Each structure stands twice: as C-alpha cells, then as structure tokens.
Amino acid sequence: MTEISAGAGSLFEVDARTRRRNAAETRFRLYGMAAVATGILALVFLLVSILGNGLSSFRQTGIELQVALDAAALDKTGNRNAQEMKKVTTVGYGKIIGAALVDGLAKAGIDTSDLTDKQVAALLSDEAPRRLRDMVLADPSLVGRTVPFTALASGRVDGFLKGRVTMESAKLDSNISPEQLAVVQAMKDHGMLALSFNPSFFTNADASELRPEAAGLGVAMLGSLYMMMIVLVLSLPIGVAASIYLEELAPQNRWTDIIEVNISNLAAVPAIVYGILALALFINFIGLPQSAPIVGGLVLTLMTLPTIIIATRAALKAVPPSIRDAALGVGASRMQTIFHHVLPLAMPGILTGTILGLARALGESAPLLLIGMVAFVKDYPAAPPQGFMQPASALPVQVYQWTQRADPAFVERASGAIIVLLVFLIAMNATAILLRRRFERRW
Amino acid sequence: MNIMQTPVIDAAVLKPRIAASGVQVHYGTNHALKDVSVDILDRTTTAFIGPSGCGKSTFLRCLNRMNDTVASARVEGKILLDGQDIYDRRVDPVQLRARVGMVFQKPNPFPKSIYDNVAYGPRIHGLARTRADLDEIVEVSLRRAALWNEVKDRLSAPGTGLSGGQQQRLCIARAVATGPEVLLMDEPCSALDPIATAQVEELIDELRERYSVVIVTHSMQQAARVSQKTAFFHLGNLVEYGDTQQIFTNPQDPRTESYITGRIG
Amino acid sequence: MTTDTPHIAPTFDREIEALLAQLVLMSGLVERALVDSATALEAQDTAAAERLIAADKAIDALDEQINLDAAGLIARRGPTASDLRLILAVMRTSASLERMGDLAKNVAKRTLPLAQARQVEGATGTIRRMAKLVAVMLEEAMRALTRKDAKLAAEVRGRDVDIDQIYNTLFRSLLTHMLENQANITPSMHLHFIAKNIERAGDHATGIAEQAIYLATGRMPEEARPKADFPLSPKGMG
C-alpha cells in the first residue's frame, strides 16, 4: 500500500485546496466586519439623530431685563411680609415684567411700533412671572428696587433662536408673527437675549402644552428614582432568595422543573402584559393609587424578578462544586456553605444581573402607561414613604408624552429626555461592568 | 527488624476507629457497594485500591456521610465511629464531619486568606473562645501539615496563591484544624507533581501518629508506600483486606493478584 | 512458560519470558557441565576437562546478564505479588546455578591431576551416577520453577537425601581405600572433594526447588529439608 502523506510538495507552494480555504476564511472575516460595521452605523445614526435633536434642549433663551419691583403693586400693606405678598398672583407680576420688557426695548432703541404691548409681552414665557414671584417671595426686601432678572423667553422665541421657527413659518403660525420675530432679531443683535445653559430642564416639573420652554424632567426623574428604589429593595432580596432556594435547597422533582420553566417564560413575557396585571391587581383589586411610584415600582419588580432569578441561578451554578465539597467536608451546614462561600463567589454575577435588570426597568414604558403614569403631573411627590403614594411620572413615559404633543419644541425636549435616559443607562451598565471586573479578580 | 513498622496485630493496642458491617449503597437503581465489612484501625493508614468504578470512593464518602449530598444515594448497613452508628437518626452530619475530616482530589482552598482557610472550621464549630486560641489552633494545624515554615510570614495572603502541593497541605491543615479522629483522603496526590506527592506522602506518615488515615488511591505503588493495611475493592465488593506487605507480596484472592500485577481479568 | 493470565502490557510478559529463557538456557548449560565433567573424569579425558573449564565462562556471563535484566525489570516495572516473587526466585536461582557451574568446573579441574594418579576402583562410576542424579534433580527443579509446580518441587526436594546417602557411602569407601594404602590418599582426597562438590550441587538444586515452592505458594517451605550428610563414623571398621 502506498503511503498516504500530506507532505508531498514544497512548503512554500500553496496548493489549490488551501488557497480556496484561505479565500473562504477571508470572505467570512469580511462578512463579520460588514455585520459589525452595519451595527455601528445604525448606532451612529441613532446617536446623531438624538443628539442633534436633543442637545439644544439643555440650553434655553433668556431675556436680560431690569425689573422695577413696584412696591405699590406687589406689597399692598408695605410690611414686606411674604405671607401677605402671596396674595399677589402671577398676573400682577406679569404686568410688571411686561412693563420691564417694553422699557428695556425702548432703552435699547429697538423699534416696536408695529407691535402692541400685549404682543411685546407675548415674547416672554408664561413661566417668567412665576419665577419672578418666587424670587420676590423668597426675598421680600427686593421690593421697591430695580433688580436684574433673566426672564424665560416664550417657546416660539426660543425656537427662533434654535432655528426651528423662521420668518416663513411665522407667517402661518398663530402664536408668533414675523413682526415679533423682527423685534426678537433686533434684541438678539443688541445682546438682550441669548441662549444659555438651562438647569431648569432637570429641575422643573412638566409644563402644559403651551409652555414647552418651561417643561422639565424633574418630576419624571424623581418618579423614576423612587421606582428604582422600590425595585431594588424588593426584587434583589426576593430574587436572590428564590434563586438560592431553587438551586440549593429544593428537591429535584417535577414541581421544581415546572417552576424553572415558568420562570424562564416569565422573563420573555411582553412588558405590557405586566401592565395589565398591575392594573387589575394593584389598582383595581388592592386599590393602590393610580400613577403612583409604588404601583410602578411593584410592576417593574415583577418584571425584573425573572431576570434576577435567572442571573443569580447562573452565578450560583458557576461556583465550582469543589468549594461546596470543601465547606461541607469541614463540617459547615448547608446554610453556612451557601452564605459563607457560595454567595460571595456568586456576587459578581448577581450584581451584574441586578444592574442589568434595573437598567431594563428604568427604560420600560409600556406597563407604566397602563397604570396611568401618562397623567400630567405638575407637582413633585413628597419624600418617601408618602411620596411613593403620590402621583409621579417616569422618564420613558415623559418621553412618550412629549412626543405626543403638537408643539415641535417638545420634540427637542423629548430628545433631551432620551439623552438623559441614555446617560443613566450607560452609567448603570458601566457600573455593572466595573463591579464585575472588580469582584472577578478575587478568585 | 520490621522495617515497615507494621504494627503487630494486637487487638488491645490498635482498636478499630471505624467498624463497618454489611454496608450497601444504591445510587438509584445502581447497586454501587455490596455488603462491605471492614475495620479502620486507629493510628494506621488504610489504603483503598481498586479499578475505576469499584466503589472505593463511594465507601470513603460513606464514612463522613458526604453521600447525603447526593439525592439518589441510599445507604444501608452499620458504620460505627468509636462504637456509635453514624447513620443513626440522632446524628447530625455537620458534627460528624468535624470528627471525620476530608481532603479531596483537587486541592480546593477557600478563596480567603491562609489564616481564614484554617480558622473556618474551628470558627463555625465554636472551638476557640478567644483570638489567641484561634491563632494557636491555626499554627498547630499548619505545623502538623508541614506548612507553617513556608507561610508563617504571609498568613493573610490568599490561599489560592500557593503552589499545588502547598494548597493540598493547606487543605490538610484545614481538615485537621477541627481536631478530627479520622482523616479521609480521596486521591490526594493525583493532581500533584512527584515532589509535592512525596512531601504529602511523608506528611501522611506523620499524620498517622495522631489520626486514623484512610486514603483512596489509583497508584498501587503509593498504596504500598504509604499504608499499613490495604483493602482491595472490585465491582462494589470488598475482595481482600490485610497487611499491605502481605497483599503486595502474596495476595490471597486471584482477583487481587490480577489487579496488583496488572493482569487482565 | 507461565500459565497465568497475560499482563495488560504484553511487553511485560515478553520481558519475563526472555528472562526465564535465559535462566533455562543457563540451567541446561549447568546440567551438561555436571554430566560432562563426571564423564570426563571417568574417561580420564583431560582435553574434555580443559574445554569444560573454559566453558564455565559462558555460565558466569549468563548469570551477570540475568542479574542486569532482573534489576532493569524491577526498576522499570515495579513488579508485585507473584511477579515480584518470580524475579526474586530467578535472581536466587541464577546465583545457585552459577555456583553449580563453578562446582562442575572444580570437578573438571581435579580431573587433570587425577589422570596421572592411581585409579580407585568404581569411584568414578559412582560419581558419574551421582552427577546424573543431580542433573535430573536440576532439570525437574527448573520445570517446577517455570510451571510453579509446588508438588513437583517438594518431591525434588525429598530426593536430596538420596544424593547425600550416595555421598556417605562413597565417603566410607574412600576412607577404607585411604586406610588400605597410603598411596591411595592423594587420589582418594581428590575424589572425595569431587564427590563433595557434586553433593553441594545437589543441595543447590534443592535450593532451586525451594525457590519454586516460594514462587508458587508465597512462603518458603517450613520444614527443614531432609538431610543426611554427616556420615556415621565407621564403627565397624576399626
């Protein structure tokens, strides 16, 4: 029999079969790179579109004014008593601010002859009087003086500075006219108004449709925070305990098999189904207040539990049985083995799973919509625990709400909210990765 | 002169620490151990040898009730430790395992410091009242495992940072820290290089002065070197049990002869 | 040659076979040496005696080779139980065979001076018969060894007493010869030593049989072998 050997020709000559194989492998590598490139392209497209729309929401147009705080109008009794001065509503302050603007325009030499005073005052946001009122009530001694005040400009003015609103669109717009825009332009040239960083985007509550410039994420962020707290406090212990029981203590019979299968199924159930469950169980049957973080927190807990259970089980399974044997061999009981040895080693996996579960919960909107968090919430909920029962909003829900509104300024706001949401998600994922790396070094 | 220091079989001098009679083990439908009766003598190293699947590890794990952790295992028969049946319902396996220690095939120190590794057993069994007591237990155990001189300056270093042989000696120190009467060793040297193996074998000889040692091993040379009594298992039966010298020069059962000389059947 | 089940490693079996083959070859040479030396003695064939003296080197060389191979087997294979007893028995048997070869060589050496001396009537014939008996003992002891036949070995062991008795008879007759005539002393002394050598060879053959018993049963035979080698003083001879 002739020797079958692969070593026939020279090593430096590549035969046809090898060439074909190399070509196939190179093609495969190119396919992979193309797939990755497609993914990255999609991601870039997403980011560019969101950042493009949303970054401008962090800045807001403000009008520099010198406001004469007329004591006669604001403090009828003359006592500078904040309680009594509260009787003066924003209407009164509105008049003062309107006057300040007219004066300011006159001083700057801007021609406002085609506009009525009311139209000039319309350049200001309806939010501005409230801010002035808050400022005065906080410090009544200001009354009687002329103070510098940056007033929030109206949504259309803001849009003009950001390029949303043009002379063309103003002709069709009922809220602003090209004449007003001409004045705005002049103000801008004079330096009376400018775009500046807008921290109130984060601190304000939501505002009505008419005042996109005043809409903020404050309530939504607080609501999300409350819900995350509830989710963390409830789902982590319950999930870990359930996992430990299923993995270590439960007898291996048909019942535990059924439970395991169902937990995996639960992780795949669409979020909106949880919303329906929450509506029926928490709101209708138990009677918890609608739109409250407690309900949102509970439903998100239910959603996160399967994720945590599955991640914890995987982490527990990954602990090598030799550690368990060693602990048992030294005379540790089952519980001591679990708590002293298995759980610490499983911690990185558990933490990662929890944080990823929380990140998912943060971004879920469907179940929250069903429990009524779509409602317009203007006031901050109180501190916990009462705050858990009061109506609140949530970040993803706020995004949804704002996109439903007609004013294009809300598109900018919604994108801004998405950016905030993304920042939180990235931070949570980064924390998960960091924690995992730090704990993995241990053994 | 008896160079093997084989103890003269005098029942009054070396009493059995563990007396097993009629032990049967079923794993589900698999009859893994059939009617095993053997005595493990005090201050003696007993070797269990036999081909794969013969039941020697199964029997070893019966001696400290590690088979309890296997759901499908069913153990019948009597195993007496100092006269008390360890499978009696009143016996807590946790307490038993403080008196019958175990060292495993692959060194498995806890991912804690060397000190904490050795101190864990005494801590959970409440053997030390003060920190000084615990320090002493740790030092004594590490000395008995011939490891003290190598690690006394770095007791807080992680146990997993030691070499293979040192890790196994750490596991031995951990096992003796609870003051057991019997030490069970399941192929303790199979993951070690020849030098570490020789060190551990020498250590077993020292441990024999204080504890009963039972060692399961695949290496017949090791069984011959290390033990005074040898038990040969085959297909779940205890085929022959006797003095190591005699088993390895003139075994009585032909199955033992075949296995020891490396013959088929 | 062994009737045991084969080792899982057939090379091990082959090595043992080779070792035993050498041993059997050596014992064949020793048998021949014993018988030939006695025959040369009877025929006063000094040339044959010289050849025999030279041929002992082959026996010595075999002993050395067997020891080397046995040591190698122990080092490499770590034999236990019956394998261990076999190697030990082979080494001891080789030593016995080498001694027996030396004894046959001494017989041949003494043939040279005896050819010049006066003949003693019938002695060489007795000696030849003795040698033949020892050769047969050796052959059967070797068979008992290779077949691990304890019964055969015990039976061979029992025959040593016959050799002893032949030696005793020859000793008494040589004594008588020496007393008869002083000129007989030199040849008689030579013949006596020759007879003693053959008797010693018989003891060695018995030793080989005892190794066979050790190999087969794991224990050396307990009872002392039957001996009769201190001849009674010739009371009735004056």
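Going in written order, the chains are labelled A, B and C, and every chain counts its residues from 1.
Here, a contact is a pair of C-beta atoms (placed from the backbone, for glycine too) under 8 Å apart; a residue touches a chain by one contact, two chains touch by 3 or more.
Predicted, not measured: the structure shown is a model, and the values here were computed from it.
For chain C, which other chain has the most distant CA centre?
A
Measuring from CA centroids, which chain ends up nearest the centre of the complete protein set?
B
Just list the two chains that share the greatest number of C-beta contact pairs.
So the chains sharing the most C-beta contacts are A-B.
Roughly how far is chain A from chain C, going centre to centre by Cα mean, in whole Å?
Between these chains, centre-to-centre, one finds 105 Å.
Take the average of all CA coordinates in chain B, do the same for chain C, and state the distance between these two points in whole angstrom.
Centre-to-centre distance between chain B and chain C: 51 Å.
Rounded to the nearest whole Å, what is the centre-to-centre distance of chain A and chain B, using the mean of the C-alpha atoms as each centre?
Distance between chain centres, rounded to whole Å: 60 Å.
Could you say which residues in chain A touch two or more other chains, in rising order?
Residues: none.
Which chain A residues qualify as touching chain B in the complex?
Per the stated touch rule, the residues are 251-252, 320, 322-323, 325-333, 336, 340-341, 345, 442-443.
Provide the residue numbers of chain B that touch chain A in the complex, in ascending order.
Interface residues on the chain B side: 64, 66, 69, 71, 94-98, 101-104, 106, 108-111, 120-121, 124-125, 158, 160, 171, 174-175, 178.
Using the touch definition up top, name the residues of chain C that touch chain B in the complex.
Touching chain B from chain C are residues 4-9, 12, 78-85, 218-219.
Quick check on the complex: what are the chain B residues that touch chain C?
Residues in contact with chain C: 220-221, 224, 248-251, 256-258, 260-265.
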